[in-house]
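In what follows, subunit A forms one complex with subunit B and a second complex with subunit C.
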Partner chain A sequence: MNKPLPHFVDTSPFDVYETERLTPEQERFYMAPQWRLIWWKFRGHVIAVAAAVALIVFYVSILFSEILAPYGRDTKHTEFIYAPPQSVHLFHQGRFIGPFVYGLKYHLDLETLKRNYTPDRGQVQPLRFFCLGEPYRFWGLVEGRFHLVCPARGGELFLLGTDRLGRDMLSRLIYGARISLTVGLIGIFVSFVLGISIGGVAGYFGGWIDAVVQRIIEILKSLPELPLWMALSAALPVSWSPILVYFGITIILGLLDWPGLARAVRSKLLALREEDFCTAARLMGASPKRIIGRHLLPNFMSHLIASATLSIPSMILGETALSFLGLGLRPPVTSWGVLLTEAQNIEAVALYPWLLLPMVPVILTVLAFNFMGDGLRDAADPYS
Partner chain B sequence: MRRNGAALQPVRGLLLPLLLSLTAAADPAKAGIFIEPPALAAAVAAGALQPVAERLPAEPSVVALDGPGQAPGQWGGELRTLVSQPKDTRMMVVFGYARLVGYDTNWNLVPDLLAGVDIEQGRIFTLRLRRGHRWSDGAPFTSEDFRFFWDDIVNNKELTPGGPERFLLVDGKPPRFQVVDETTVRYSWEQANPFFLPALAGARPEYIFAPAHTLMRLHPRWRDRAELEQQAKAEGQRNWAAFFNLKSQLYRNDNPELPTLEPWMLTTKPPSSRFIFARNPYYHRVDRNGRQLPYIDSVALTIVGASLIPAKAAAGDADLQARGLGFENYTILKQAEGRGGHHVRLWRTARGSELALYPDLNAEDESWRPLLRDPRFRRALSLAIDRREINQVIYYGLAIEGNDTVLPQSPLFRPEYAEQYARRDLAQANRLLDEIGLTRDGDGIRRMADGRPLEIVIETAGEDPTQIAILQLMTDHWREIGIRLFPKAEQREVLRNRVFAGQAVMSVWFGLENALPTASTPPNELAPTSQQQLNWPKWGQHWETGGRAGTAPDDLAAAELLRLYTTWTTAVSLDEKRDLWHRMLAIRADQMFTIGTVRGVPQPVVVADRLRNVPVEAIYNWEPGAFFGVYHPDTFWFDDGLKEGG
Partner chain C sequence: MLSFLVRRLLTMALTLLAISALVFVIIQLPPGDYLTTLIAELQSQGEQVAQQKIDFLRHQYGLDRPMIEQYGIWVWGLVHGDLGYSFEYNKPVRDVVGDRLLLTVLLNFATVLFVYLVAFPIGVYSATNQYSWGDHGLTFLGLLGLATPNFLLALILLYLANVMFGTSIGTMMAPQFIDKPWSPAKVGSVLEHLWVPVLVIGMSGTAGMIRRLRANLLDELQKQYVVTGRAKGLPAGRLLVKYPLRMALNPFVADIGSLLPSIVSGSVIVSAVMSLQTTGPMLLSALQSQDMYLAGSFLMFLALLTVIGMFLSDVLLAVLDPRIRLGGGIRR
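After this line comes the complex of A and B, so read on.
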């Protein structure tokens, strides 16, 4: 006799906490999506957060270079060649004035032909903030005159000194960031696409495809990096415009950076493809592309992001090194590497040390990326 | 001694013997009394070397050393200098400047290795050697060395497949070569050859002789060919000719076994990072006290990275240094004065212009070419340049502003050549451009005939950051006349190929190489005679190849320059030549075929405090001048009154 079982519904309220009582924190934790968990963990990493903030500031600054820079990228001040950095003062003769600089008194040492500048104590030049100054074209499109800070009317403001044509180093650094910081991003994008697709294919299919890819990676990895960059960038047609050269350089950097990422992707995929959800997807007829893209990659995307963050600095350093060697970008394109090329002589070291300042943002950026990458890597696996 | 020097007017066709101002008949050198250099005394005492009187030619060249600041000196010491590449051993041939005929400091050609030259009608050259003159290994230097060069090198199809060099050809025909006697040779052409003597006097000289006694051993005419080929193969050379060429380069100066006539001879076998040059015991010059030159016993050439040369010179690691130093290094060098026992002097470079713009009159672009060929356009470009600012910003006002033309030190100089269209005059520049019909658009930039904005891309070899800096200054100057300028740095070869193909609109190079000409200097740089001239490569190529490639000049002024140049090569009288030079210079200044900026840029020269006879103010130039060569470093000496290393 097949009698249906009696239908029973417990009418008493369901208590999810019946077996185990969770605190609100625990509940929040278990209910939170993965990205939030990563954020919580990352937040605890003070240095990484500081680095992230610094990087955000840097990257936001490249959106507003024209406004942040007191002068244009190529504005020459031929009466202030090789002027040293001016310091900002607040008090003049014991009286508070607000931020100001002293004017510069120029004197040519006829004996050594050295241009000497001394602060002129009689000339107080208060800085102007949110002011109208030198006109520019915002991103080459919109005319504007608004600056964050301007020199006093008729005065000058060289917080980081000037170069051989009297161009303000600070402004050039700010404009240089546009190139130097984005080289890394575009390069990483190229290397990401290559690394994930090649590594994904190798890991998912395995077998001879994997073997071939692995050997190629080993060969690529065994080539010394700098000479290879140099050879490839020497192969860029010299008749290219500076902007094309810029893209060429980023692509070269990206083309050589993917093997490490491809290996990481491959090893992860080798493990994940044996999981049940993967088999299930395959049984349901999903294509390899869909399985890799939708089911496997998201499982370790956080890890990928962390490793990408760690390899951006090597891109930035790569551009700097190539430009420094005269094989990368060339003036009038201004990147930090190009600026450092101009400091490549004994005069810069002995007489005009402020020409070496582009080192500072390079170091800061690379360190910031490394710290942030460290924090991200720790946070990327929130369940551990 | 009868005659120890002769000033030459090579083209006039006669020799003007000029007795040097011989102050005292009592000079020991005049009386034939010579003193043994102490560095060689031991070898002489041991019998390994003949005494000095037997080593010198019968009539040595007696050096007066009576110029301002000059004095006969003492022997001894080692001169340290820095170079950046191993191939710079050739610099010792440049600095040594022992030439058959060489320039003196007034840029006249005078005999040096030769006792004299007789010239008839500018086409028959009789070279008289010094009797008893010897190579640095003691073998006699005679007409046999000229014969060997002529018969066995130049006219040997395997060694010289292309035949004689250009300077030996007149209308494509080589000279008739005669050996008159042991110390006399004669070269005769059917027509005048004004290129012959200047080529011999070059910083990189053309040789017409070779050490026969050494090189015969490498020549199949004098040896078994099979054996020689075997030796060449053993040395890793393709054939005997390659082996011969490797071993016989007097200019390259990299074979210590090859004897020389220069004051110092190479003693270090390459490769090395430090080359020692020892005194040539058979050198042909003596001072009036009877001391054989050179004064300095040895020269040490150290190879360091180019960027290290300023630092090392400032640290006192060089006794005489100009190569590798630029004007921008002056401050560093000056500040280091005293610490390294040296002082810095500022000499002047002698190019027509430190940076000249070359509008390419053979440009392929159909709208650019007519514009670049319009002299009004070139004049306007020149008028807009603020040469004063360039001079002040880059050279502290120490350079000379002006066009790309001969220097004031040249007898051919006239102020108008340098000043025409060289003073900034925006009103006139704008008027000229308006006249051509280049109207300004809303953004203040002029439009070309086809509607494109007037944007000139100036291509530069980009090796020198100063060039880019000057171009960046010019960018602002030209914006005021409604023209945009974009500097573009390329590699040297790419730049040349683009210019040769007419793809570049305008390029940048130095101005005239020889800006110190006399009327007898060939004016080939002024006319379209070479593909290397970046303002008219195709016209130059046409001339160079005899019409086989390139195109004939179809610009009236350029064609006129070429006509004047050809007239010059056949002109005999010096007055006629001078007149032709002036006509060419005037056309050049009026037409602005190249646009000069500044010239006479100071060249820092580091000189050790104890080094004497180095001029305080002088011209530092490659051709003519051979850098230090024309001041004869064999007459420089160390004053031991100051402590060594000072």
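After this line comes the complex of A and C, so read on.
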């Protein structure tokens, strides 16, 4: 038997599972839960990640508005009305003294009645960091005086200028973020609940319920959104307190937004309810509520969240537009839209262009939400 | 085709009826009616208001009848062109609005036209030259257009015009024509002033349209019949126009369903910002003073505008695509 075989045989041991075995990387990939796959895919979109980081910074900032803002929301500086933005310098006459601003010298242009402010080169006002400044009540509860940055003692600090009552624009923008950024969240919550329950019922039961819901959606979709928002918010009672008005506006914004979501839920459910796992659940006696909530919705929850992210900006813009027109939130509540009402007077804007500044955070937020939503939508289906 | 038209007209009428009910509910939402406000105002000025007079007014305006009946009267009036009574101006709504309705129609129509005229060539270019410099540039511009809210754009334009030219661009016509009867010179002036608001309102719609047309056309361009056509030696231009473009055109036309409401929305706020002589500023002031009949008429009018626009686009679509007029819905 020592004769060599007539054909070639590999002497190395033969492993039948060789082709099926996974490398550790493949195994990590195949065993990963869905949310991790989504995260991996989302991480690939550089712009979307940057947008998400920016949004996180924005939203964290509204937790500490009082500390971040150098002044209070309504602090008036009557001797600095329509003061221009001050620029921060590092060197005074060639000598380094750290970040400081020059004091402002005021004189009234008697021909145009324009308030002119010129930096006073003799007055050096170094900024103070992590300092005690104007007292405030943190979230209206705890008293405090700690600020991230304060003006020099006896000096002033208007990095983005002041408005017609001499209130610091930067501080007002920081406080305004609290309202403007949360409007979208509450609104989307309302629209999410409505959209999922109405769309879910329509899609799961079908038949005449579906037909009725479809008609309602069509009617609501054919209506121009903004005039309807305007009419509804004009109908809010004048006697309501600012907080009630705030909730009223957010609910109005959410009330008209659900049709799109409901339509998406419905079409998905119409297909999914025919699946075997759904029949199995029904045979085991699960209630419609449980089947929809437990077995059907999780199938496309990531999609829903992604599309919800994309409709937050329209709500933020809606609130801005309503407040800008004077139909939404009213002072003393301060949102970016309320700040922009100052810019309605175009003559004032021509003289004091920094009144337009509240636009910048609005556009930034909207862009960030759009980019993040796009990224999320692409990542929402990691198995494709 | 006829049965399609009839069916479509019927749904349109039903939709309008439902919208009118909704609008009427909104009109009735604020607590009290205009008369209570009026009486409070008169009393604060020290005038005594006799109960008799109140009752008379209440009866005259039909405010003492049940809700359903008031709704009936209102709808009946609407159908007959009677838009109700503006309490703020003390005039019938029809006299208050003047040629604002016409200008609103003109503005919205011009914007839709603008959106299609601009979006079509750019969309086709972007799709056929995918990932070229032109495509990237246009996509970026489109993103910017989508993200800039139109009323902020209007504000910026107003500011720039004020600073650079020292003029106000916020009108629909030269000042000497306002509230004057129509004449060729007035028409010319309106057309001259039209492009700024049209550009502002149409910006985001155009950007969205370009994106959708590009995506649709790209989908079609990758299909096999295009490859076949190219393999058989059809010239590029002819191939494009003959098949894929026609397929991509359907959703392009059907998209007016989402485009029109957003344009009407945009025109309201942009005209309020730029104080154009359209319904926008008046709707705003009517809402602010809770002159609800005036506001209701405007709302109804804007809804009518979108519903009719959608009807027209559906008819157009049915002409384009036999699948639609023979039953079956719009494919999106």
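Just so it is clear, the second predicted complex is superposed on the first by the 364 of 384 C-alpha atoms of A that agree within 3 Å, B and C clash if a C-alpha of one lies under 4 Å from a C-alpha of the other, contacts with A are read in each partner's own complex, and residues count from 1 in each chain.
We adopt the following convention: contacts are C-beta pairs under 8 Å (C-beta built on N, C-alpha and C of every residue); 3 or more make two chains touch, one makes a residue touch a chain.
Computed from a predicted structure; not experimentally measured.
After overlaying the two complexes on the shared chain, residue contacts for A:Met359 are found with subunit C alone; subunit B is out of touch.
When the two complexes are overlaid on their common chain A, residue A:Leu367 makes contact with subunit C while staying clear of subunit B. In the superposition on chain A, contact is made by A:Glu218 with subunit C only, not with subunit B. Once chain A of one complex is fitted onto chain A of the other, the partner contacts of A:Leu232 are limited to subunit C, with no touch recorded for subunit B. Measured by the number of subunit A residues touched, the leading partner among subunit B and subunit C is C.
By the touch criterion stated above, A:Glu111 is placed in contact with subunit B alone, subunit C being left untouched. In the overlay built on the shared chain, the residue A:Ala350 is in contact with subunit B and with subunit C. In the superposition on chain A, A:Phe324 makes contact with subunit C only, not with subunit B.
Touching of subunit A by both subunit B and subunit C, each in its own complex, is seen for residues 344, 346-347, 350. Listing the residues of subunit A that touch subunit C in their complex gives 215, 218-219, 221-228, 230-232, 234-235, 237, 313, 317, 320-321, 324-327, 340, 343-344, 346-347, 349-350, 353, 356, 359, 362-363, 366-367, 370. Those residues of subunit B lying in contact with subunit A across their complex are 307, 310-311, 314, 328-332, 334-335, 389, 392-393, 396, 398, 462, 465, 468-469, 472-473, 475-476, 486-487, 489-491, 494, 498.
On subunit C, the positions that touch subunit A within their shared complex are 15, 18-19, 22-23, 26, 29-31, 143, 146-149, 151-152, 155-156, 158-159, 162-163, 168, 170, 257-258, 261-262, 264-266, 268-269, 272-273, 283-284, 287-288, 290, 295, 298-299, 302-303, 306-307, 310.
The touching residues of subunit A, counted against subunit B in their complex, run 74, 76, 78, 81, 108, 111-114, 164-166, 238-239, 330-332, 342, 344-347, 350-351.
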